[in-house]
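Order as written gives the chain letters A, B and C; numbering starts at 1 within each chain.
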Amino acid sequence: MGKPKIGIYGLTGCAGDQLNILNCEDELLKLFDIFEIKSFVMASREKDENVQLDVAFVEGSVSTEKDLEELLAIRKKSKILVAIGHCAIYGGVQAMFRGGEEWIERYKRVYGRENAVTLSKPLEPKPLSAYVKVDAVLHGCPIEKEPFLKLAGKLAHGVIPRTPDYPVCAECRWKENECLLLKGQICLGPLTNAGCGAICPSLNIGCIGCWGPIREENWASEADLLVEKGYDIDEIVTRFSVFGGTERAQKLEQFLRSRKEKGNG
Amino acid sequence: MKRIAKSKLIEFLKSKGELWVKTREGFQQSDAEAFAGRASKSVKNMVLPREETLLVFFKPDGKNVDYDEIYDDRKRILFGLSPCDAKSIELLDLTFIKTSPTDSYYKQRRENSVLVVLACNSPSKTCFCKSFGYGPFTELGDVFLVDIGDVYLVKILSDKGKALLEGLELEDAADAELAKLEELKSTAESKVQDIGIPKDIADRLYANFESDFWEKIAFRCVNCGACTFYCPTCYCFDIQDVERTNWGWRERTWDSCMFAIYSLETSGHNPRPTGMHRMRNRIMHKFSYYEKIHGQHLCVGCGRCVDVCPTGFDIREVVKQAAKLEVTR
Amino acid sequence: MDKHIFIEPLARVEGHGGIEVYIENDMVKEVKFEIFEGPRLFEQLVVGKDPQEAVAIASRICAICFVSHTLAEIRAIERALDVKVGRKIHLLRKLAHYGEMIESHSLHYYLLALPDYFGYPDAIAMIRQFPDEVIGGLELKKFGNKVMEIVAGRRIHGENLQVGGIGKIPTDEELEWIKLRAMELIPTIERGIQFWNEVDVPDYLEEETIFISVWPEDGTYDFRADTIYVSTGETYAADDYQTALNERVVPHSFAKRCRYKGKPYSVGALARILNMRDRLDGLAADYFKKLYNERWHKNPHFNNIAQAIEILYCLEHIPKLVDEIKATPLEESTRGRDTGAGTGLVEAPRGLLIHHTEMENGRVKYADYLVPTAQNLDDAEKYMRNAVKNLLKQGVQDLELPLEMIARAYDPCISCSVHLVKVIKK
């Protein structure tokens, strides 16, 4: 078996996931050794886009038609497509729920009119999975070095690993931190994918949810809890919406408002 | 009951092995005085560590595997366990030693540890150990101590304890000191709860497996796993191999039945797909299955889970509600 | 001869950009520095958010310069809410900022820019001939990352820096490590600076330009201030930035464009070093004196060496900074009000960065961000046009690499540049 051919791509995002791959200073040379990197535009001018890839890593959300074209081309030529980072998996902060307003209205307010920029048609930001089949994901904002290396290692051996989906609380408790929720702070730990090592709660800062919502999050219970602690609905919905993507904040707001109306708020 | 000056005992024990003292936070190698109450962290980490390496393996030619098992053979003295800590070790012993096959790692660690139990002078608000037929002054462990001020009252309870204190001169306790013990004991016992667990709770829960009771109680849980990490009797673990190029190691870490991934099978099927399933499993493991298999509930009434839960889930309330369930079959 | 050059995607830059040139009858008809990176509409995303959320969102504008965005946002909100922090916090923020400068500049100088001057497609290919340089670059980058990890909480999107203070103060051991390692790395960057002597700096594009940077009030060479300085001699208060710098939308870019009194201008390490050259000291000042000549005012390629000198400046100043942090006690911060407006002015590695915020009842009401790369785009196009004109005259066929090198010299951070601004009716 020859060296696996991989490509590392970025759509619309902050490039943090690609940057953190470049941040594997000690392992970077080995990485370039084990894999045949056919495209990594952020690092190298050399690329070959006419090759079938074994694995394609893609960060960033689909925010323009050009992004979409690129994504479809990548999907077509790769055996395994891995979405890396919050933007690729959930849409990023740019996909946050904004109180029911149409995305194109926001765009017009910014650029003046709908077709102000003719370079490529802008689209409402969506994760990769809105358009193509994604074979594996790597959570993060940005992704972390060790999980990326572990994932790359497994993929090099032809294994698609399952993403762990337990909450930040597991790591926070592992580090024996004091629970910030018990202290009355808003912390989205119970709803957020672990893997970051519970960095922010370890710094006494409530988790802001940047690794995205876990699959089976119990946002209703956490919302109830925060209401009990005296936070009002708008505060809670705003906090949940930052990294929550569009749907969750919408559902949450409906849930909390109906509770309030029934007199349970 | 005998008696000994605190400093004399500590000095003596330091010469007999690695001394681990229970402070307010938990067990540490420390010169601090042992805390006569419920520490934040239980003794679990001492016998079933949060992370341990089980073996190291080598594949020198890439095919055949050589390995070395790693055993912890340190002689340790665990000083200051509360009676609930000692009870939890009894319960863990049932699973890891008394049930075949024996867990050799746990057994080694267990046999190399001497348990010096300290009576619990100041139970916490959420303690309910009385519900399980013992209390803050129940004599458990290899050596039993009571902190009455600047002196420990001492009672040797096992051969291991006797061997530990061999050569140490113990005096007889004075009447005044014994009276002090009684005083501390009745104060402590008045502070712990007995939630009134019915004798047939195991059957009640078992009969109500399909009841909507579980959905109701599971609603609040955010599946953070804090309860399982802090619980002295929760023992679920995960074993993973960490591989490098041609060598690696096998490690065991704590796991939690409260995470969705815990019961996920390779086929993709998950027998406990929702929070309700996992909560039901946890409660039944502790108050139904374990008694049916081993004759005791898998809970020591320490109350830590009540204190660490961010949503205020209270297992005492759950058990009290469960006690009212009918045995319909 | 007619020619259409389309370089896309532009390699070894952050974000998705391209260069397009139209040549008709051997004359340059049009040069466009295109920004394909999609719009994320950040100034809209922060509206309605509280300070912690606004800072976390603003950080995500860019991964390489997240500390700069974080600090700009924090400064804007602190001014809007009249929040005063003590000197220790101020110094810790400075340390994180230095870490970012070192990390970003090393990444750019060694990995993104230098390979071009020696004919390599990337730094990995370069490593066989120049192992010390590439590995030295990686060590410097690693150090910058570690500083950010320690002070900001993570090497990308750390949350430790907050409005009003900091989550956790780094330990004395961590600070000592930073101090010692900084001193150890000085010879490495000196070699990197000397390495510039091997570079043949292209001259087919030279033209004077305007340089804009911050102008620290305390007279030091620093990356934060409340005053803007233009190389023509004028200064502006940070709050008046809109009178000086005018933005407009162009069809070939999701990033807006900026001019000073109708003229394109440059921001970044080169702008800083030229504007504040009398404020340099130590070895950084020595190397600057040795290498400086009047071409630096006319040629964006010198931005690369300016970055290398800034790395040296930061490394030299870290030991004293660490000592001062350790010796300064932590003070309580105060907050004056819930409603107000403020402008946070900082230098990101790539240049002048402004976050302007209006707060109402403790939440963001309005935000405006002006990012460095958007300010450089017109200047870059100007030099690209010069390059194409002169190279065509010289009969050079391969115009792609020269154009890319000009784009890369600015160290463009394309994700940053695509933001949004709405003209406020003041």
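Here is the rule we use: a contact is a pair of C-beta atoms (placed from the backbone, for glycine too) under 8 Å apart; a residue touches a chain by one contact, two chains touch by 3 or more.
All figures in this text were calculated on a predicted structure; none of them were measured in a lab.
Participant: Out of A-B and A-C, which chain pair has the most contact pairs?
Facilitator: By the number of C-beta pairs in contact, the winner is A-C.
Participant: Mind having a look at which chain is the central one, using mean CA positions?
Facilitator: A
Participant: Report the chain whose CA-based centre is farthest from the CA-based centre of subunit A.
Facilitator: B
Participant: Averaging only over C-alpha atoms, locate the centres of subunit B and subunit C and give their separation in whole Å.
Facilitator: Averaging C-alpha atoms per chain gives centres 55 Å apart.
Participant: Would you mind pulling out the distance in Å between where the CA atoms of subunit A average out and where those of subunit B do?
Facilitator: 38
Participant: Calculate how many whole Å lie between the centre of subunit A and the centre of subunit C, each centre taken as the average of the chain's C-alpha atoms.
Facilitator: The mean C-alpha positions of subunit A and subunit C differ by 25 Å.
Participant: Give every residue of subunit C touching subunit A within the complex, in rising order.
Facilitator: 9-16, 34-45, 48-50, 52-53, 56-57, 60-64, 66, 107, 111, 115, 121-125, 127, 138-139, 141-142, 145, 153-160, 162, 167-168, 249-254, 404, 415, 420-422
Participant: Inside the complex, what are the residues of subunit B that reach subunit A?
Facilitator: Listed in rising order, the residues of subunit B that touch subunit A are 41, 50, 219-226, 229-230, 256, 259-261, 264, 274-275, 308, 310-312.
Participant: Per the contact definition, I'd like the list of subunit A residues that touch subunit C in the complex.
Facilitator: So the residues of subunit A in touch with subunit C come to 10-17, 19-20, 22-23, 25-26, 28-29, 32, 41-47, 61, 63-64, 66-67, 92-94, 96, 98, 106-107, 109-112, 116-120, 122-123, 125, 141-142, 196, 199-200, 202-206, 208, 210, 235, 238-239, 242.
Participant: If you look only at subunit A, which of its residues touch subunit B in the complex?
Facilitator: Those residues of subunit A that touch subunit B are 162, 164-167, 169-170, 173-174, 176, 179, 181-182, 189-191, 215-218, 220-222, 224-225.
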